[in-house]
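You will see two complexes here that share chain A, one where it goes with chain B and one where it goes with chain C.
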Partner chain A sequence: MKVTAQPSADTLTLHLDGELDASSAILLDTELAKPDILNYKKVLVDCAKLSYISSAGLGVFISHLQRFQDAEVKLVFFNMQEKVFNVFEILGLDALMTIVPTEAEATAA
Partner chain B sequence: MSATLRITCSRSNLQKVRDFVREYLVEEHLSAVTVNQVVLAVDEVVANFIIHANGEDESQFLDVALGVTPHRLDVEIVDQGDTIFLPPSHQAPDLREYVRQGRKGGMGMTLVHRLMDDVSFFARDNHTVCHLSKRLP
Partner chain C sequence: MLVLYSLYRPGGAGAALSSGATQGLLGLAVLASVGLLLLVFSKPEPAAEANPAFSPRRLEIASLQRLTQTIQRAKSSQEIYQVLLEAAVETAAADGAWLALAPGRPEGETSDVTDQYFQLAPEQLAALRQGLQHLDVQGVEFISNNLATNPHFVDAAIPFQSLVALPLQGPQHYYGTLYLLKEQPQGFDHGDLGILQTLASQAVLSIENLQLVVTSIQNQRTQEELKIASQVQDSLIPKNLPTDNWFEISSHSLAAKEVGGDFYDFLHLPGRRLAVLIGDVSGKGVTAAFHMAQMKGIFHALMQENPLAKNERDRFPVPSRFMTQANTALTHCLERSSFITSTLYIIDYEQGGFMFARAGHCHTLYYHAMREEVFYFDSAGLGLGIIRNDSYEKHIKNQFYDYSPGDVMVIYTDGIVEARGAESAEYGEDRLKEQLEACYYLDAEEIKNHILADLNGFTHGFPVHDDQTLLVIKFKSAQPVPLA
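Take a look at the complex of A and B:
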C-alpha cells in the first residue's frame, strides 16, 4: 500500500495505491493525523488504484472525519472502483462521506 | 473441490489469505464485486482471530478452508490455538456516533454479517471455528 500526498494551494490530494487492510491502514492514519492537513480547505482521496479496503481502512477515515468537519476541511473521494464503492455502500458510508466519480467533480465539490 | 491454507497469526499474512481466496474463486467466474465481498468477509474474520483472539502471536496459526458446491461457497476458519474466542452477539453500529467519537474499529463483524448469508462461531475439539457461507449466482 502506498499513500502519496500531492499538495496544491488549498487542496491536498492523497493518491492511494494498493490494498488498505489491518496491516497497511497505519500508513493512511499517519498521513491523515498530520496536524497541517487541517490547513487545507479540501482533502481529495484519489481511489483509482485503491484495489481493496477492509474495515481497518474504513475505520481510519471514520476516525478522522469529525476532526475534518470541525476544522471545515472537506474530505472527498473520487475515482473509486465499483468493488470498493460496494463496501462503502454496504456499511452506509456513502451517505456519510462525499464520493464522486471524477477528479473534476471532486475539485468542484 | 476444496482448498486449505495455514497461516501464522501475523497481520502481514492477511494479503496471503486474500490472494488465496481470490485464486480459488477464479474458477467460479464471479463478478469482481462478489469476489471482493467474499475476500473481505474472510479477511475480517481472519484479522479478528489474529489480532483479538491471538494477540498477533506468531507461534499460533489458523487454517482457512474453502469449498464450493453448486451455488454455494463455504468457508471454515479454524483457530488452532486453544483459547476459545466466540464474539458477542452482533449489533449493527451507529456509524454517525462512531464518526462523532472518532472511533476506528468495530465494523468488521457488521461487514461479515452483511456480506455473507450465514455466519457462525463455535468450539470444536477445544478450538474456535468460524463458518461462513454465501449463495453464489
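Take a look at the complex of A and C:
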C-alpha cells in the first residue's frame, strides 16, 4: 500500500495504491490525522489503484468522517473500482460519503 | 610456582628431555596448573597484593564468576546493569564509573531502567558528558590515558586522568556505554579492555536472555488470553439450533484466528415467531470477541416483551427499531474506528412471512420456489457504530417478505464471499448464487455442505483470512406433529 499526498491551493488529493488492510490502515490514518489537513476545503481520494479495502481500512475513513464534517472539509472519493465500491455500498457508506466516477466530477463536487 | 611455569616455555628445561619424559612432565605441568588455579582461588587478599602479576587474573575470574552467578538470578535488566557496573569497577580498580543507557530501549525491557553511577558527583558527570559529546565516541571502544592533554577535557573540572569507554552492543540492539575512570594517568591498558569486553558481552548476553524469557512469558500469557476469549466466543455461539416442523436450519462457523468477530444467535418469540441475528464485528482478537458478547447482550436485552404495547405485534421491537437502539447502545462502547454489520430477521411462521433490517451486513441470498429463481435481496442500510447520533434512524429500514414452502434463505458473513483462492481471486456473490441454483432442492444441511464443499475447493491450499459463518434456512410445508 502506498499513499501519495498531492496538495494544491485548497484541495489535497490522496492517491491510494495497493490493498488497504489492517497493516496499511495505519499509514492512511497517519495521513488523515494530520491537523493541517483540516485547512483544506476538500480532500479528494483517488481510488484508481486501490484494489482491496478491508473493514480496518473502512474504519480509518469512518473514524475521521465526523472530524471532517465538523471542520467542513469535503471528503470525496473518485475512480473507485467496482469491487471496492461494492464494499462501501454494502456497508451503507455510499449514503454518507461522496463517491463520484471521475476526478473532474470530484473537483466539481 | 615460577619453576613450574617455566616448564611450559619452549627451549626451557623441558625442551631437552626425551618425548616420554616430556609427556610425563607435561602431565605434571597440567596437574600443577590446576593446583595453581586452586592456589589462586584460595589465596588470601594480602598475598594478591604481594604478587601483582596474578591479581588482575584472580579478579577477572572472581568478577566473571560473581557476574555470572548474580546475573542468572537477576530478574530485571536494571539488576544486570548494577552488577555489571560493580564488577567492572572492581576488576579495573576504577575510581569512578558511569553506565549511560542508550535512549531507545529494546522491546520487552521494563521501563524502570536507569543510568548507573559509581563515585561521580553531579558536576563531574556534567563535565564528563560535555567532553564526551565533543569526542563523539558513541558505539566505539575507546581509551584515553591522558585526559589532561585532551582538548575536550582539558577544562573539565574532573579529578580523572584516564578514561575507558565500552559500548554494550548486542547483535541487534545498542544498550548503552560503560565509562570507567581513574585518577592517575596511564590507568588502562589493552589487557584491561579485554577483561572488560568479556564482562560487557556476558552482561549483554544475560540481558538478551532475560528479554527472551520475558517475551516468551508474554506470548504465553497472550496465548492463554486468546484461549479464554476463544472459549468465551464459542460459548456465545448457540449449540442447539431451533427446530420446528415449519423450517430447517443448518449452520457453519469457522474462526480465522483463535478469536474472530462473527456471531449469530436465535431467539424464540411468542406467537410462533423466531428472531435470527447475524453479525460481524470489525477487527479480530479479544476486542472483537468482547464486542460480539456485547452485541449478544444487546440482542437479548432489546428482544424483551414490552408489557405496555398497545397491540400484539408491538410487543417486540421491529428489526429497524432494534438496529437503531443497538446503534445507540454501541455508541458508548465501540472505538471510533470499529463498527458492526448485522442483519436481524423476525420470521413469523404462522403468517408465513418475515421482516428484516440490514445494517451494512452482506445481502441475503434467497431461492424463491414458486418463481424458481435465486436472487439477492437488494436493500440499503448502514452498519452500526458509523453514525453516532439520532440520525441513524434514517439509514435503516424494514423489509417484508412472504415466503412459500421450499424457499431457501442463505445468510452469511463476508468471510465467505471474500474468501481468496488462486491469484487472490475472491469467491464472490456470483459464485455463491450459482451454488444455490444448483442445490436449492436439497435439505438445509445438504445445501450448506454443498456450498462449503465448493468454497473449500475454491480456497484449497490458501490461508483463511477472515471468519466464515454460513446459515441456511429452508422453509417447509407444515408437517403434522407426529403422535407420540
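A few remarks follow.
Everything that follows uses one rule, which is that the second predicted complex is superposed on the first by the 109 of 109 C-alpha atoms of A that agree within 3 Å, B and C clash if a C-alpha of one lies under 4 Å from a C-alpha of the other, contacts with A are read in each partner's own complex, and residues count from 1 in each chain.
Just so it is clear, contacts are C-beta pairs under 8 Å (C-beta built on N, C-alpha and C of every residue); 3 or more make two chains touch, one makes a residue touch a chain.
This structure is a prediction, so every number in the text was calculated from the model and none was measured.
Upon superposition of the two complexes on chain A, a steric clash is found between chain B and chain C.
Legend: residue contacts after superposition of the two complexes on their common chain; A:Ile62 is shown touching both chain B and chain C.
Judged by the touch definition given at the top, the superposed model places A:Gly92 against both chain B and chain C.
Touch criterion met: A:Ser23 reaches chain B, while chain C stays clear of it.
Shared-chain residue A:Ala109: touches no atom of chain B or chain C. When the shared chain is aligned, chain B comes close enough to touch A:Glu82, but chain C does not. When the two complexes are overlaid on their common chain A, residue A:Val100 makes contact with neither chain B nor chain C. Considering which of chain B and chain C touches more of chain A, the answer is B.
Once the two complexes are overlaid on chain A, the chain A residues touched by chain B in the first and by chain C in the second are 22, 29, 55-56, 58-60, 62-63, 65-66, 83, 90-93, 96. Looking at the complex, you find that chain B touches chain A at residues 11-12, 14-15, 18, 32-33, 35-37, 39-40, 43-44, 47, 50-51, 95-96, 98-108, 110-111, 114-115. Contact residues on chain A toward chain C in their complex (touch as defined above): 22, 29, 55-56, 58-60, 62-63, 65-66, 83, 90-93, 95-96. The residues of chain C lying in touch with chain A in their complex are 280, 282-283, 336-339, 341, 359-363, 380-383, 386-388, 395, 414, 426. Of all residues in chain A, only 19, 21-23, 29, 52, 54-56, 58-60, 62-67, 82-84, 86-87, 90-93, 96 touch chain B in the complex they form.
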